[in-house]
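Structure below; questions to follow.
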């Protein structure tokens, strides 16, 4: 068990976004968080990554309580994320974006960088090599020196995932990774995520609307509706679940 | 401190505070809708004071007409500032907008400096304002009564506009979320223009009161007043009109109180506003009226 | 870096073309704050200079005197740059400027190194001329004015208790206040309260209300016109009935009279010059008339002093075989004895002007001559 | 990286050669402007670190420059001279005791300025964006008020004079080069990348594991350090300082410099300095009366400042990238490849 969510409740000014939700994710699992708009999925992400403080409940990663940790520290504990609307650093190339992910892997001090002491060079070399490995693995080599935000949507998604992987996470959170992609791209992405899981030995938690994609990819899913868990288990069972069908009003027919 | 002096200082505080309040309203409203510290706001006040000076001294018109001219000039300056300098940058990084605002502020100061010359100008207010009223030891001039009364009156009108009229609703909606409002079919640029008109008109009134009370005008007169008024707006809770007025009064009273109680600290008077600012930011960034940054405003 | 060369070349060209020499001419550099916070003072001083130059721009040997004005934007860095430019590119023989003491001190070192005489019209701080070979001034120093004020307060106004208002932002004000305090105490006076203000302040009511409770009889306030006018007005509004004594900075700008209005009636002021004082020199009268005719306003004290800075330099040049010989000009400037200038009779000793002070009282919105104090 | 270094060495050698020959090429006036330019390069490049690279509009440089200037001035003035200068109050004992050579004095200036920056970082970076601008602006004013009202340390509004002029263009130029190199070292390191990330998207930076408060504070302190040193050099160059030297106008000049050069580009900051400091000398003709096709205009003192503020607005409206954008000299050559 890599992540444990215990009795999380979060409300904004009286409106309950997440109501007493509990679930867990096993190691190397691909876990889907689904549900209609406004169900509290992104809020859950923000709680896990430390952007919001829950009103009650606990987030436990690999046995460690990370509930009220600052978001930049949570990355060090081993959680990385991507955003629903891609947020790459606009003034930087693809490689630089990935180097930002390797920020904590480069082990030298500020003084060492100002005076260019030996450790600066060895560490920079190390992370540059690591960045190239990630770039190669994700087939981004040809875009390496391009301005990240000048690339196509699909590529930007990949860069964002690459940046997240660079932080060497145990758990990767993807917020609608397939949004805006055509079926071919979606298929490739799914394959890529499998590869990532295997190669980097990580667990993936994703929010997604594309049920075909979820079906193909996820080992287990949880369905949220207005902050409440209405289903947890295998996707095949979810499609048959009455409450889920009611919440989605037939969205599953396509699946 | 004896009772008469206390009353006298109280009066001093009220009249100083109301002028800060009038100018602080403009900062708070523009910040509400654009999330911008309009550095040029206090200079619009200065422009109004100079316009009134010019109207009285060179055009030789009556005080009332001069006031109207000053309000018109500052409203036009306000609208132009927004249209020419701020509107093209609505969707740019905030830092660009801020730098432009600083540029506009310097531009206004220096264009007035070149036009009128750098020597301080004296403002000829009607004799009426110089009448001295004696109340058992404490002395007043009509300004110290008129200024707070007008301030409160204008605040009431403004609150009525904000809460009871269509435009007011639109301004508040805009302060809440600029994107949604545009989707709702409200012309946000038009609403922003109205905000600039209100802010500039209030700044003009503040500028004229300032010129009557302290009848020496220089092109750089707005700099310090502006900084203090902004600090007052933050103190009251930026985005809140009533907060700005409250902040203005608190600042006015504190300045007077510090000079009155600790005369040896008199030279540090100008630093008080910033000390307030820093304390508020450290302890309660939302200010006294406590409006949440990302939630509703006004 | 090429660009730098280019900029400098272009500026050099611009300067050359601006000063194409036709007849033999001698150059005097003028550094004044024409813009920025104290731009108003520089503009007033420059007007006097312009009028004086129009009255007399020829040396005895027929050479023309050319003035080169540079705006220092009320700024120290600019003052130093300007002095450097005037000396090394424009090759001026002498420099007039740079109004305030602090800005003047930013350029004296440069002039001293290049042996170019500086004549300061109104830089009153005692440090300006201290240990300087090439720096002189035509105004009296803060020390003299402080003493004159203390003497006047004790002997003429018969005031043994004084409230002192100092503008801490103004070196001029602290300089005078310091000497006044010492001299006043020596003469048996007592400073009952010392109040600090900042120039640029507009609201003095809180401070004045406190003073009012003390019922002061006499207030000495060596501050500039804007603050003096506002203090006068607000003091009257609060009903303070004390005798006020100011210094030349008080009446330096007419804004004092305009803003002060009725409130400044009966104020006393020490000054270098008064357009109302009996004319001690012929030039004084002539300058006064020409100024009023040309500029359509009455003479500003800073203007007269700038004009006299010019006159003293010109007189010194006339005594030299080569009027462009800066060392000789400096020697003669510093040897000035009983020079009959537009502002009165001036002698220069160790760079400091020995001159009489005038005391005025304000009546009907004008300075009225009371008495002259000789050093 | 390697390519950058090779280009960089070429620029370095050109700069050193230029500094070495400059005393033989320029007269006093030119040398003074050149010294000014070098000092402003130090100020602009360090200001650009917080403002352009990290994207935090701070308006404090005048405060840090003032701190640096006073520290260096006090350290260089002899004890006797201090007794002579201090007119208002006796100098405080530690002021009298402060006696250092130029290099330690400059370093102390930097250290004191960054210490103040460190204390200030807490209120300043607690909130984002515009507040930073206003708090730092206020801080600049407070420093001035303190300088005026602490006569036992600063000699009040009279200021300090007779500061020994122990520098020449080798000092200003040399320190400018060192500053540029050290700041570039910061920019091209993981810390510099983090600063840019904070500028581009603070939330995303934080989500990727960057302690944004720490990064902003680092940039702020570093920038204050070099601004302090620049202030020290300015004091020595002018040989006299007083509170009126450190007004918001100084900050405004630096702002124009980096905006014109391109926010975020160190090369841009250098070009901007040359243009603004050199150009400001060149534009002097604007203030005097002009003869345009036989029509003589009146003198308009202050017109230069109108032009500068217009330049700032126009650059922001129509050419927000400035001259260099976010690029450096070396990038231009790389593109050509």
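Think of it as A, B, C and D in the order they're written, each chain with its own count starting at 1.
Throughout what follows, a contact is a pair of C-beta atoms (placed from the backbone, for glycine too) under 8 Å apart; a residue touches a chain by one contact, two chains touch by 3 or more.
Small disclaimer: the values here were computed from a predicted structure and weren't measured.
Engineer: Show which chains lie in contact with subunit B and also with subunit C.
Structural biologist: D
Engineer: In this assembly, which chains make contact with subunit A and also with subunit D?
Structural biologist: Output, common partners of subunit A and subunit D: nil, no chain qualifies.
Engineer: Relative to subunit A, which chain has the most distant C-alpha mean position?
Structural biologist: Max centre-to-centre separation from subunit A belongs to C.
Engineer: Compute the distance, rounded to whole Å, between the mean C-alpha positions of subunit A and subunit C.
Structural biologist: Once rounded, the distance between the two centres reads 72 Å.
Engineer: Can you give the whole-Å distance between the Cα centres of subunit B and subunit D?
Structural biologist: 32
Engineer: Approximately how many whole Å separate the CA-defined centres of subunit A and subunit B?
Structural biologist: 47
Engineer: Among the residues of subunit D, pick out those that touch two or more other chains and give their numbers.
Structural biologist: As it turns out, subunit D has residues touching two or more other chains at 145, 148-149, 301-302, 305.
Engineer: If I count partner chains per residue in subunit A, which residues reach a count of at least 2?
Structural biologist: Residues of subunit A never touch two or more of the other chains.
Engineer: Multi-chain contacts in subunit C: which residues touch at least two other chains?
Structural biologist: Correct list: 34-37, 39, 42-43, 168, 196, 198.
Engineer: Chain contact topology under the given definition, line, ring, star, complete or other?
Structural biologist: other
Engineer: What chain-chain pairs meet the touch criterion?
Structural biologist: A-D, B-C, B-D, C-D
Engineer: If you look only at subunit D, which of its residues touch subunit B in the complex?
Structural biologist: Touching subunit B: residues 51, 55, 57, 59, 122-124, 126-127, 129-131, 133-135, 137-139, 141-142, 145-146, 148-149, 248, 252, 255, 259, 263, 300-303, 305-306, 308-310, 312-313, 316-317, 320 of subunit D.
Engineer: Spell out the part of subunit B that touches subunit C in their complex, as residue ranges.
Structural biologist: Against subunit C, the touching part of subunit B is residues 1-2, 4-5, 8-9, 12-13, 16, 110, 113-114, 117-124, 130, 132, 134, 139, 141, 210, 213-216, 218, 220-221, 224, 255-257, 259-260, 263-264, 266-267, 269-270.
Engineer: Tell me, which parts of subunit B touch subunit D in their complex?
Structural biologist: Interface residues on the subunit B side: 31, 35-37, 85, 88-89, 92-96, 98-100, 102-104, 106-107, 110-111, 113-114, 118, 223, 227, 230-231, 234, 267-268, 270-271, 273-275, 277-278, 281-282, 285.
Engineer: Give every residue of subunit A touching subunit D within the complex, in rising order.
Structural biologist: Residues in contact with subunit D: 49, 51, 70-73, 75-76, 80-81, 83, 87-92, 96, 99-104, 106, 108, 110, 113-116, 120, 124, 127, 163-164, 167.
Engineer: Mind listing the subunit D positions that touch subunit A in their complex?
Structural biologist: Subunit D reaches subunit A through residues 1, 182, 185-186, 189-194, 196-197, 199-201, 203-212, 218, 222, 264, 326.
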